[in-house]
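There are two complexes below, and they share subunit A, which is joined by subunit B in the first and by subunit C in the second.
This part shows the complex of A and B:
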């Protein structure tokens, strides 16, 4: 086993161990707290919160991916080319509008809970996926497309059998970026009562308990590192199949 | 047989192919040659309708190509481009299987066909089937590109500068291989190139294009002896003419009765190669052997040189 995979495995084990039996790690956090305060988050199960957090991020990224990839495909077709500048502006607005402001606007419309968080993450995650879809699709070798046309592939066959598979590693890099941003951003969802790891951090801030803040932050950070790394592996494997240097896509 | 009738392509006010007509016989190889921008590629791409003609039509075995759905037409016509456009994400076997898969052949039949083609192109299936295009040399990629175009047994093969990306040594080999495969399969080929040597080496007929117009469509020998105009004459190369002529004739054509000393030349060799042997060995004449090795006569420098000028 190589060193990076040992580190990966240890990280994963540490994360699983911490969220399933956090009390076992109490000794680490005890020096950080004032007398009598709990060392480990005690207002809910860390495991449940982690899964809830992941679920929100997963669903939001799935929705961003569906829209951003479809939009990217649409504006790279001859019939959709004129919508490229418009789509770019819209997606850019999604990115520049701060998620916290989106929450503020969304809560009166859809109420408290998971929905406003989902909307904020969805809008925030569009840009990287959209831009990478564009890059991926436009850098497909013109000769491969010409050959595909010349052999009698129709537009759908060209897209599904040539363009998307060749753009896949680049699109995946966009999704990875979006997931990582969402993992961190999802913590603010707890300000509008969405279940997630933000709860732990906010509880810590409210009761002036640094140990809580640190626990919430660490779990999110560890999740981000592991997911980033895992998706990176998939990307490199896909890129290797295409005969590109792995560093060309990241 | 391919009949190209008054084919024209205009983009706005620019005419890139202007009223071109010629015929391509079944099983023959026609080379379209001309300077860059002459409209050769556009002409070729109108045959499989990658470019829709502004006027005129193409008949394949009497059938107007406009009556055949675009994709179906292209499934029936092999297409090879410069750089080949192999799919980087598919291995050699999957690349070759592209059109059969589009046609919905069953897996066993596809696998059989792929192996057959790899053998035909001297690529060992065990070694090459699973390789990806970036793992192949230029010459191997070229062969896979042609094999892919031939996979569904098209009766017509269109080639756009198929040897353009190869170095001189591999190119000569690839050209000979193409001729051998064409003879074996009887495929009709239309090939576009800007290289006059390639045109003379490969073409049964040569179509010379300049500034969107077809200047002359003739056999190589006719083109050399009766060029239609000054441009064609310049393009075929006035200084090269005698050498091209003797390249087109075989030893059999200049066979004389009599005997000569030395290593015999084969009756099927071209006169250019025979002359080279004569010059190199310093002899005036050499014996000629037929395919079985029997001496059938002799060939002389004087006899060869006669074939390098128009007959009176």
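This part shows the complex of A and C:
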């Protein structure tokens, strides 16, 4: 076993151990609290919050992936080519919007709770996936498409058997970025009453309990790092299957 | 994420020879949005007080009849141009005219809808206005993208946009609008938070440049340092902002409690200190990574020639390598600035101030105008800085081309 995979496994074990039996770690956080405040978050189960957090991110990413990849395919076909320059500009502009702004603007429109968080995650998650779908599809070598055409493949076959598989690692990199941004935005989502791990941090900030803030921060940070790392492994495996050098995409 | 702008031309399949009358697809979409905006969506929202629920006002009720007619005629004109005219200058021109009529009209509508001597009533733009703005802006953005403006062209466009906005804000045309009423009741706080926001974003960026560029140079020379540094900073980059703020609070609080000097300097667990440090840590990665990338792409021949001329290692770095790496480092600074301006919003959550203060207050009071008072300046700042720095990056590249 290599060193990185040992660290990875230890991190995962630590995370699972902490969210399933947080009381066992109470001794670490006790020095931080004052006046008999609880050392471990006591307004809900960490496990349930983690699962809820992951569910929101997963559903939003799924929805953004479906729409962003379809849009990416559409604007790279001849029939959608008129939309290509505009869509590139829109992605660039969209990325200057801070996720919190999207979240805050969604609240008055749809109310508090899961909905504004989901909308912010979905909209903001579109951008990296769309951008990478464009990059991936436009980087497919013209010879590969010509060869596919020469073999008698129709447009649909060329797309599904040549272009998309070749663009897949790049699209995956976009999805990874989108997931990481979403994990962070979902944390802020707790300020608009969405269920998630941000609750622990916010509760700590409101009751001036640094132990809550620290454990919430640690769980969210560890979760993000592990997911980022895990998706990176998938991405490299996908790139390797294409026989490419496993280039580090950040 | 890498951009692939250079591929656009190979991909943008040459359009087939056009029949005499052809419809622009994007233009059709824009025309449909304009149609909905004019006839099926309310133009403005009227509220009896700042947090009362809104009543829709359609275009016909929201403006004096003459002005309403002007808006309809101009908007339909823009729609026709969008569908039929292909020349980007024509499209840009019509979009600009559309915006020049629409934006002041919003202020007029606010004055028209607010009863005289009523200081509680609030008028804010509604779906119809937003859709019209969206469709005109889409047309303008598309035309600008097709014009492929050079860096100077984009700077001029930015300057025109900023001046137009400044004119609208300072001429008083918009003063009856809800968001500006919100601003006028807290103008002092607004500018204080604005200063704090800029201080956080630019200060942490400057600190990251001062530390990050030398670190990047060192990491370029030492492979072991490079791997460890990039991995470590990469991990920091994946930690969500609010979690990182939280993680910094405990150690900073402990420092403040045990080191009186730190406390005297204003370092404490909550407030600007953890926010500043978090933004600084986020900013290091793009700066270090781009310094390394910039130095790596300096042609070996240039360095050899410099050595052949008898330059010392220091001279090589200062006179040859750094200038050649500069555009790439500047691209890193652009990423950092846009990222910091956005992240600084979250700082308000831990008492760090900035425009986020209004956003979170607004969320708490369900007062959308207050949210927008924080969100719009943030978005405008990051948008303007990204255009400005993108143009600078292009100019820096051009200087060495």
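Assume the second predicted complex is superposed on the first by the 241 of 250 C-alpha atoms of A that agree within 3 Å, B and C clash if a C-alpha of one lies under 4 Å from a C-alpha of the other, contacts with A are read in each partner's own complex, and residues count from 1 in each chain.
We take it that a residue touches a chain if its C-beta (ideal position, glycine included) is under 8 Å from a C-beta of that chain, and two chains touch if they have at least 3 such contacts.
On a predicted model such as this, the values are computed, not experimentally measured, just so you know.
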Combined model on subunit A where subunit B meets subunit C, clash or fit: fit
Contacts of A:90 with subunit B and subunit C, given as first, second, both or neither: second
Partner chain in contact with A:165 - subunit B first, subunit C second, else both or neither: first
Partner chain in contact with A:82 - subunit B first, subunit C second, else both or neither: second
Which superposed partner A:55 touches (first subunit B, second subunit C, both, neither): neither
Contacts of A:8 with subunit B and subunit C, given as first, second, both or neither: neither
Chain touching more of subunit A, residue-wise (subunit B, subunit C): C
First (subunit B), second (subunit C), both or neither touched by A:143: first
First (subunit B), second (subunit C), both or neither touched by A:173: second
Three-chain overlay, closest Cα atoms of subunit B and subunit C, distance in Å: 9
Contacts on subunit A seen with subunit B and repeated with subunit C across the two complexes: none
For the subunit A and subunit C complex, residues of the former touching the latter: 32, 76, 78, 80-86, 88-90, 92-93, 95-101, 104-105, 107-108, 128, 131-132, 134-135, 138-139, 142, 173-174, 177, 180, 183-185, 187-188, 191-192, 198, 201-202, 204-205, 210, 213-214, 216-218, 220-221, 224-225, 228, 249-250
Complex contact set, residues of subunit B against subunit A: 48, 50, 70-75, 79, 81, 83-89, 98-99, 102, 132-135, 148-149, 158
Complex contacts: residues of subunit A adjacent to subunit B: 141, 143-154, 157, 162, 165-166, 241-243
Subunit C to subunit A touching residues, read off their complex: 1-5, 7-8, 10-13, 15, 24-26, 138, 141-142, 144-146, 234-235, 238-247, 249-250, 253, 269-270, 289, 338, 341-343, 345-346, 349-350, 356, 359-360, 362-363, 366, 368, 371-372, 374-375, 378-379, 382-383, 386
